[in-house]
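Each of the next two complexes has subunit A plus one other chain: subunit B in the first, subunit C in the second.
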Partner chain A sequence: MFKRLFSSEKHERVVLQEMRKHLELLERASQCLVNFLKTSDRTFLDEICEIEREGDIVRRDILSVLYKGAFLPYIRPSLYRFIELVDETLDLVEDAARLLEFVSLSQPLQDDAFQIAILNTEMVQMLIIAFDSFVEGDDLKEKILAIRLYEKRIDDLYHDLFSRLFDIPVENFWQGRGLADFLSFLVKISDLVEDTADVLSLIHLSLS
Partner chain B sequence: MAKEWLLSSGLLMGWSLGANDSANIFGTGVASGLIRYRTAIFITAIFVMLGAVIEGDKCLSSLKSLSTLSYLEAFVALLASALTMIFLTFLALPASTSQAIVGALMGIAMYHGSPDFSALSKIVTCWVLTPIGGVLCSVILYKPLRLLLVDRVKSLVARNRLFFIGILATGSYGAYSLGANNVANVTGVYVVSGLLSPKLAVALGGLSIALGVLTYSRKTMMTVGKSIVPLDPFSALLAVLSEATVLHVFTQIGVPVSSSQAIVGGVIGVGIIRDFRTVNFRIFSKIIAGWVITPIVSGILAWGFFVVYSIF
Partner chain C sequence: MKVWEFMTKKIEWIGADDTVYDAIERMVNKRIRSLAVLYPESSDQRGVVTARDIVFKVLGEGKDPKKTKIRDIACKPMVCISKDESIERVLEIMKELNIARVFVCGDGEIVGVVALMDVMYATLIERARSNHNNV
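And then the complex of A and B:
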């Protein structure tokens, strides 16, 4: 208790720095997925896998500092939830990238997937901005709203895409399954980013 | 040595007070996850002792006005109160030691056929004013505290640190006020009966309360705060500060009052400011039942002891 009282908030600052690093890894992974979609260059897939592994290490580091005594016990579960959501999103980016290696996308489908991937990346960038505001104690409303608008845009795109999916010929069941899963993962990334933003908003409210 | 065994009921009373009433200090903080249980009891024990020793003698005179007591009557009054408190702690109801001890003293006075209800009026008035004071304190302190803590301090790290220090500070003040106001309930009757000097009475009383805090307070600590209104860090801090202020004010008046009533008033006050609908009145009524049962049970126990004693 006295260590915490007289400490220079070192643990808290370390947690926040590492959480930002975690988010930056997610942004890099999202950008790599965009590039992989554009170029089909396998090095981007390898980079995504490497980023995901690094993300796991960062996540473990954050949690160990968090439960050593950073922040009030009151907000630790919410911070933990935030970190877990970012980790889940990273996993999803990796899963989507792995599937992309095996599925073949027609040009219109590739264009739609590319657009969704770009929007995902912009969502993550907005999430980082929201996180910086959260740390400074600034108002989050507009940033959270922007993230929600992105998510809605992606949902609309997917809805339109989904209606055309059944007309797309596939070679076999696994190709079809892979294609469906890839698109589903791509859209789910935006759902998780939105959930992450919501957690941030809730922590901000609870401390107000 | 012959008379020292009579202190045992007072020490038991102090222990049960510590076990039950410490929940009123850090119950909101521990249940809301602001502070760990071990930290809370450590701080409470230290500051309860300090409050008892520094200002504990201020409330001793109120009990003198209720009754004169022999050594045995002092022992029985405290034993009846302690047993009542232990029973209510077991049920996880925050009970009032002030009401327990007053109930026991009135039970003894009724056995003698000489209950003086006029002396009760000042004490009972303070009991009624205690939860009202808690509500008012919360309402009055809400805006200034919010301006000071929430609106001025924006950054997450700074706010986190401020809430942590705030909870420690208000909890320490609350524990100090608890010791100052309630130690009279523990060993005040021994001063009335002449068994102890005021200085020794507050020191022993404070020590027994501290022991109760350290050994048996976990169960009741979770009832207060979590059960009534779900509290965020600022609200928890405000409720405890209100309670501490009310206790300290009544210490200056010289009347031991219920810390349970004060914290419930503080928490209800917070609930009213935020949203009236969030107040869990079912638990509130359970707590009020404890307040009613306490003096009655304690009075019956004390009266019953002397009835049995007179038979044998």
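And then the complex of A and C:
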């Protein structure tokens, strides 16, 4: 779609390339969180922090190009929203990873958290597929539906997990708080990815 | 997609000698449509009772759910597959045996269940992915 409308416009092309890069960073960070959960290797946490900083730079770059006049004014608010949501998701991945360093997960919890983290990563991959389709001018419906299905699956897993949480013994208040926050951050990632997909869908609609 | 990616881990069990009424209560409370059945005489034997069994074999026949035992209506053996099987294989089994759910086994234990809705979700996700790859 953009390819057809703005192929000759440099600013628009830069914005789209940077948005894609932003999403790729989110995918890398999500994958690092999966690896961190799996191995407890602290280098993955460091990598996530590094990616988050890189994400901030990309976000600022996109905003400055948009400010210079890329895209028609009526689309810009949705594009800003999209970029902010991706950035918020990156922050959340970092927050979850930082907490993971301090909380101890029992085996069944570890398995569930691992599965949610994998689904989050797959969801981000689907968001990238949707973004590519959007740029190419293809239909987004099936990809957006797939993202919703992922979100529903994660929600189901969380509700099941939540009902068991109250029976899990914790050493002290902060351990309990850390554990609850970690799990809610993990689930919130999928909510934000779904919101991002909805904004993408909105931009797509407003251009059609 | 592999089975473990879209299976549900939450499985509710009921004893073969419990009544159908117990099963109805459990299904309503937990908002589920099937229960795995345990047979006290043998730990290897397992079955499944679904809302469909209850409606057609008990309520539809005018039988008293408080007097009917689960073992009288449960289906066995339980159909099991490995968690590394593909979604296509699950679909084949469901079509072949005309069943709506397949249990997932690992290390001799039941670790999950895959229902028709799970298969539908997984198929749609795979479709969205493959459509993109084919472009």
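As a working rule, the second predicted complex is superposed on the first by the 200 of 208 C-alpha atoms of A that agree within 3 Å, B and C clash if a C-alpha of one lies under 4 Å from a C-alpha of the other, contacts with A are read in each partner's own complex, and residues count from 1 in each chain.
Definition applied: a contact is a pair of C-beta atoms (placed from the backbone, for glycine too) under 8 Å apart; a residue touches a chain by one contact, two chains touch by 3 or more.
Note that the structure is predicted; figures quoted are calculated from it, not measured.
> After lining both complexes up on subunit A, report clash or fit for subunit B versus subunit C.
Here the two partners, once superposed via subunit A, fit next to each other without clashing.
> Looking at the overlay, what does A:I129 touch: subunit B (first), subunit C (second), both, or neither?
In the superposition, A:I129 contacts subunit C only.
> Report for A:I75: first if it touches subunit B alone, second if subunit C alone, otherwise both or neither.
So A:I75 only meets subunit B here.
> Applying the touch criterion given at the start, work out whether A:E9 contacts subunit B, subunit C, both or neither, answering first, second, both or neither.
The answer is first: A:E9 touches subunit B but not subunit C.
> Using the touch definition from the top, say if A:S208 reaches subunit B (first), subunit C (second), both or neither.
In the superposition, A:S208 contacts subunit B only.
> Looking at A:D138, would you say it contacts subunit B, subunit C, both, or neither? Reply first, second, both or neither.
both
> Going by the contact rule set out at the top, does A:D167 touch subunit B (first), subunit C (second), both, or neither?
Neither partner.
> Looking at the superposed set of three chains, what is the minimum CA distance between subunit B and subunit C in Å?
Value for subunit B versus subunit C, nearest C-alpha atoms: 15 Å.
> Based on the A-chain superposition described above, do subunit B and subunit C contact any of the same residues on subunit A, and if so which?
In the superposed arrangement, which is not itself an observed complex, subunit A uses residues 136, 138 for both subunit B and subunit C.
> List the residues on subunit C that touch subunit A in their complex, please.
Listed in rising order, the residues are 5-6, 8-10, 121, 124-125, 127-129, 131-132, 135.
> Name, in rising order, each residue of subunit B that touches subunit A in their complex.
Checking each residue of subunit B against subunit A gives 32-36, 39, 42, 150, 153-161, 163-165, 168, 232-234.
> Mind listing the subunit A positions that touch subunit C in their complex?
Residues in contact with subunit C: 112, 118-119, 122, 126, 129, 132-133, 136, 138, 142-143, 145-146, 149-150, 152-153, 156-157, 160.
> Can you name the residues of subunit A that touch subunit B in the complex?
Touch list, subunit A to subunit B: 1, 4-5, 9, 12-13, 16, 71-77, 134-138, 206-208.
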